[in-house]
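Consider the two complexes below, in which chain A is the common component and chain B and chain C are the respective partners.
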Partner chain A sequence: MSVNQALDTAPPAAPLKVRFGGLGTGLILAAVWIALIVATGLYRPDFFAQQTLLAVAFTMSIVGVLAIGQGIIGMSGGFIDLSQPAGLISASLVAVRLSEAGMPFPVVILGAILTGMLWGGFNALIIVFAKLNPVIVTLATNFIGLAALYLVFQLAQVPLNSDIYVFGRQSWLGLPAIFWPMLALVLIVGFLVPRTRYGRRMIAVGGNRAAAKARGISLRATRFATFIIAGGFVGFAAVLFAGTAGPFNPSSANTLQLNIIAGVILAGISLSGGRGNFWMLLLSIGFLSTIPTSLVFFGLSSDTQSIFQGIILIIAVSIDGYRALRRTP
Partner chain B sequence: MHTMKRAIAVMALATPAVLGFVGIAEAQDKFKLGMAVGGNTCCEWMKAQGDVARAIAEQNGWDYVELSNNNDPATALKNAQIFVQEGVDAVIQFNGQPSSNPAISAVMKQANIPIVTYDIADPGMYFVGIDNLGAGIAGGEALGKIIKEKWNCEPDLVISSEGAGAGIVNEWRTGGMRTGVKNICPDIPAEKYVSFEGSGDAAVALQPARDLLAANPNAVKMAVVGINDGGVLGLINAAEQLGRADEVIGWGQDGAFITGDNVNPHLVGSVFYFLEGYAVYAVRDVIKPVADGNTPPLKADAGDPASKVQPCPVTAEQAKSVPDMPERVAQLLAAPAGTTAYDLFCPNKG
Partner chain C sequence: MTDTALKSEPADYVLPHHPVRDFLTGSVASIGITFILVLAVGLFWVGPKFVSFGNVSIMGTFLIVPLIVGAFAGFALLSGVVDLSIGSMVGFSSAIFALLLSMGWDPFSAAAVTLAFCLFFGAINAVAIVGFGAEPIAATLGMLVALRGITWVLLGTQGAIFAFNIELFNLVSTQVFGLPLFFLLAIGLTLLAALIVTRTRIGRHVQAVGGDDKAAARAGISVKRVRAGALLLSAFGAGLGGIVFAGQLGSAARATGLGLEFQVYAALMIGGYSILRGGVGNPIGGALGLLAVAGVSNILDLLAISPYYVNIIVGLLLLAAVLLDRLRGGDAFE
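Coming up: the complex of A and B.
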């Protein structure tokens, strides 16, 4: 049996961590989230209403799909993709243009996903072949992308009553229609990553590059695939974004970034790679999406949410740093 | 023979130099207009303001230098210094972050360059713009009449989509709209007026708007005002997503989303400023006289402006006759010099 075959058939230690290591994180997150919900409900009993559920679920949906992409980048050791806003708006613009052209909804979805993957491929080309720091590269490509988008359009919105517009306003089983694909994707990715050849390679590369290389894993190919797949999630998030946002401009997605990164870190997905459980994203993104709604129920202005999000991000990064320190021999 | 060769060589060398001097002299004689656009990506009219100013400068045979303030006060100040270095003869600016306006005024005064500012007054700058408070009140009164007719002045909520980043302009427009509603429906209790920060961007406003609606689950008659159409649309879209769109009517400001085929039916009206066409006023009343050597007296007060832009409140029905912005820009530039967008497009001008 070759080294590669052994790697592909027998899950090593890292994937086991991925599968079971998030239990403590999950319990803490669930407890904090429930405490927030109970506290808000005690203060304002009308918090326990379907309107609240809808509001929180809408907020979770787009952030959740983007967080999958961000999580994949983080888990593979790519740290953070700071170019998600530009990728999202590019793919959203494609979705708008295809809708305006009267294309069927599946074509709109496919067009947006391919655009996202192209964007991911563009990042990967620079990162992999120029061997540059992904954070710096994606920061730069985000600037480039937004500036280029600003030259192309000022405002865009999907046509009223188009399929994508209707999809963005529908509810299924009491929750927004856009929530269900996010839920399905988180569950599927969380299931597949520790159980597939690519998933295990991604984790191996993120966990220990030298060891992964010694096992014969192509770092370049894995990193390249990671950025393209993550771009695909950005493209799908763009479908949800274009369907719900109404008129948007090149800067409209900038405010999402903080929540996505905080969600990934809170979920226990290590930005330095090799560790994490995608299912925990449901708890972290759910918790972060409930905070602004709770604040409004407590009578606080919605703009105070940035203060709380900032504090939570600092706490989350500290926890991530502490975890990394503990793992260092 | 040798002398003749030398003469030809001297002439050949001298010709470009002479042509260069002539060119420089011409360039020095040519009036040069500097334009600092707002540079906030929220709004397509900011770019259009530059496009119109450039076209008018070209029509007048002037040189034109355009910079973007990037919606940043420090950049706006740096741009003023660049204009001085560039040797412009006059400047037009829209500075959405007016904290640097006093410093910009000082730079321009020292260089003896007249400067026009749009919509946000400064004591050292010619004021060209709209009476934002008046426009806000006009829009609020128009919405108040609908509230009176539809709900007998008894709405459950009057929601303000604020854009705090715009500072005093937000207070004038959004606060002005609340004042306008109160003028028509004075007995709406204070607790019925609620606000959220929408940043003047429909996509950004969406989530706080959903949260506000969720926190007011029993409100069924809701009127929305805001700093601009985008902010108001954010709440309307949120209401659609929560299945409550039939309970909302909105009246915006700036007319950005009330023209074309894609108008949300719950946006019942807006106030056109025709922001893209401000350069017509600025050039007609300030820049052209400066270029002709007749610099007008400084009028820096919004109450007594160098040039006053008329607001144009319209219902969604009336707005159907107004072309969208690219078409308006095209028609404006094709019109005789000095013709304003208000003259061309306002469907209910006095």
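Coming up: the complex of A and C.
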């Protein structure tokens, strides 16, 4: 389950310990999540309703897919992709324009994913050839991208009753339709990353660049691959976003960023790379997505939501930092 | 005799430090050139009215808060930690200051209490980052969001607090020699910060901690104390900026300070600071960066060009600045 096994140079005792550590993160997350659910349910028994489940699953979907992309960047040592909003909005715009042209649904999905990959590739191009840190590069490209998008459009929406519009409002097995692709993707990525050669290479680069390079892994190719694949996830998230959002403008995705970063850190995917388990994203994103609904049931205004999110992020990164301090003597 | 014998000559291939060459290849020179370019473009496209007192005074009024915030936040960058929460801190400070004024407090005690609150939140940043070793970008991002939530709760359902104080407004909008007094004060503050950074022991300690914290620790500098102090300074500066903002506007609103952190840090990075490694940058360079960005947006304003081009130009300038910083000896990524 733990991804640290990927480095087969690790001492034999390490996997067991790390596996336990990974399980610990999951147990703590699950405990906190259940505590939140039970507390809200005791205060307001009507919290246990189909509506709540729908709301939480809905919130989880887009953030979850974006968090996979963010997790790939983080795990491979690329820190944070701050340009996800610009990538998401450009891919959503492509999805809108393709649906307006009456294209079939698969073409719309493909168009959005390719746009996301293109955006990721563009970021990687600057990062690799200018040898600049991804945090600053993506900060700048997000600036440029969102401003350029404002020049292209002010407000966009998928046409009513187009395939993507219907998909965004469907529900399968009692949950929003957009929830199931997210669940499948997290499970698949979480299964494949520690078990395939490419996944292990990615973790190796994130864990120790010099060691990975010495073993013949191309850092440039890995950087390109991770940014393009992560961009693909942003593109797919755009399908879910465009299908469910009403009219959106280029700034509409800015509020997602924090939950994604918080979710990735809470899941134990280290921003400094080489560590983490994608399956934990289901717990961390699930917990973070329950908070807004819980606050409503506690009768708190939606403004207080930011306070809780911020405090949780500060605590999560403090724990993450404390763990790292203890690990390095 | 023994002294000269112990002094080893530098190897041939190491360029000895020379004030003129150091200045020309340093960060202040490149932003200085950028600044002059912006001035030239402005004069060429807009004409002499670009540097008229009226126009500079308008730009200066908008620059007061970013200059104050930037001068203090620069210390955090210099010590190797980045504080993203400054934008929200400005919003929070203006909200609580306006709230206290509207409750009938006198401006001085209101300002003191406001600054105390800001220092408290700055201390939380310091504990998380210095005490627990949290990633500064992520931890202060959390503080950014938490403070925005607190600000919005303070502002209530109305989303704004009106606290117009005529004496305060007159003080903030005083003009001296055709320029806003507070703009000149903010420039003075920048120069003072530059003096502290380059000429005092404290400034050299901050630079040493940012440049190489392990070496600084071996040299007997308390890395934790310097970084915690820098984070507190950054919170203090943002609090000061928020108070001035509230004085200028006579109110605090949900949008106050929103996105200011990106505006300030983009300009500071263009001015030679780095948000990823400490020890580089200079308050004068940072202030020139802010002036250059304000100049660009003013030119586009006067020519009635879409303001979105400003962000594109700022983004490109930012990439150019970090590339230049890397070529000058910054860390290459991979």
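Here is the rule we go by: the second predicted complex is superposed on the first by the 307 of 329 C-alpha atoms of A that agree within 3 Å, B and C clash if a C-alpha of one lies under 4 Å from a C-alpha of the other, contacts with A are read in each partner's own complex, and residues count from 1 in each chain.
Just so we're on the same page, a residue touches a chain if its C-beta (ideal position, glycine included) is under 8 Å from a C-beta of that chain, and two chains touch if they have at least 3 such contacts.
For clarity, every value in this text was computed on a predicted model and none was experimentally measured.
By the touch criterion defined above, A:T52 reaches chain B but does not reach chain C. Touch criterion met: A:T293 reaches chain B, while chain C stays clear of it. Once the two complexes are overlaid on the shared chain, A:S252 sits against chain B while remaining clear of chain C.
Residue contacts after overlaying the shared chain place A:A130 against chain C, while chain B stays out of touching range. Using the contact criterion defined above for the overlaid structures, shared-chain residue A:I314 touches chain C, although it does not reach chain B.
By the touch criterion defined above, A:Y150 reaches both chain B and chain C. Looking at the shared chain after the overlay, A:S301 reaches both chain B and chain C.
Put chain B and chain C next to each other and count what each touches on chain A; the higher total goes to C. According to the touch criterion, the shared surface of chain A, contacted by chain B in one complex and chain C in the other, consists of residues 146, 150, 301, 303, 305. Contact residues on chain B toward chain A in their complex (touch as defined above): 41-44, 47, 164, 195-197, 201-204, 206-208, 210-215, 217-218, 230, 233-234, 236-237, 240-243, 256-257, 261-264. Those residues of chain C that touch chain A in the shared complex are 124, 128-129, 131-135, 137-139, 141-150, 152-153, 262, 266, 269, 275-276, 306, 308-312, 314-316, 318-319, 322-323, 326, 331-334.
Contact residues of chain A toward chain C in the complex are 80, 126-128, 130-137, 139-141, 143-144, 146-148, 150-151, 209, 219-220, 223, 258, 261-262, 265, 271-272, 301, 303-314, 316-322, 324-325.
Residues 44, 46, 49, 51-52, 54-55, 58-59, 146, 150, 154-155, 157, 159-160, 168-169, 171, 176, 241, 244-253, 255, 292-293, 295-297, 301-303, 305 of chain A are the ones that touch chain B when the two sit in their complex.
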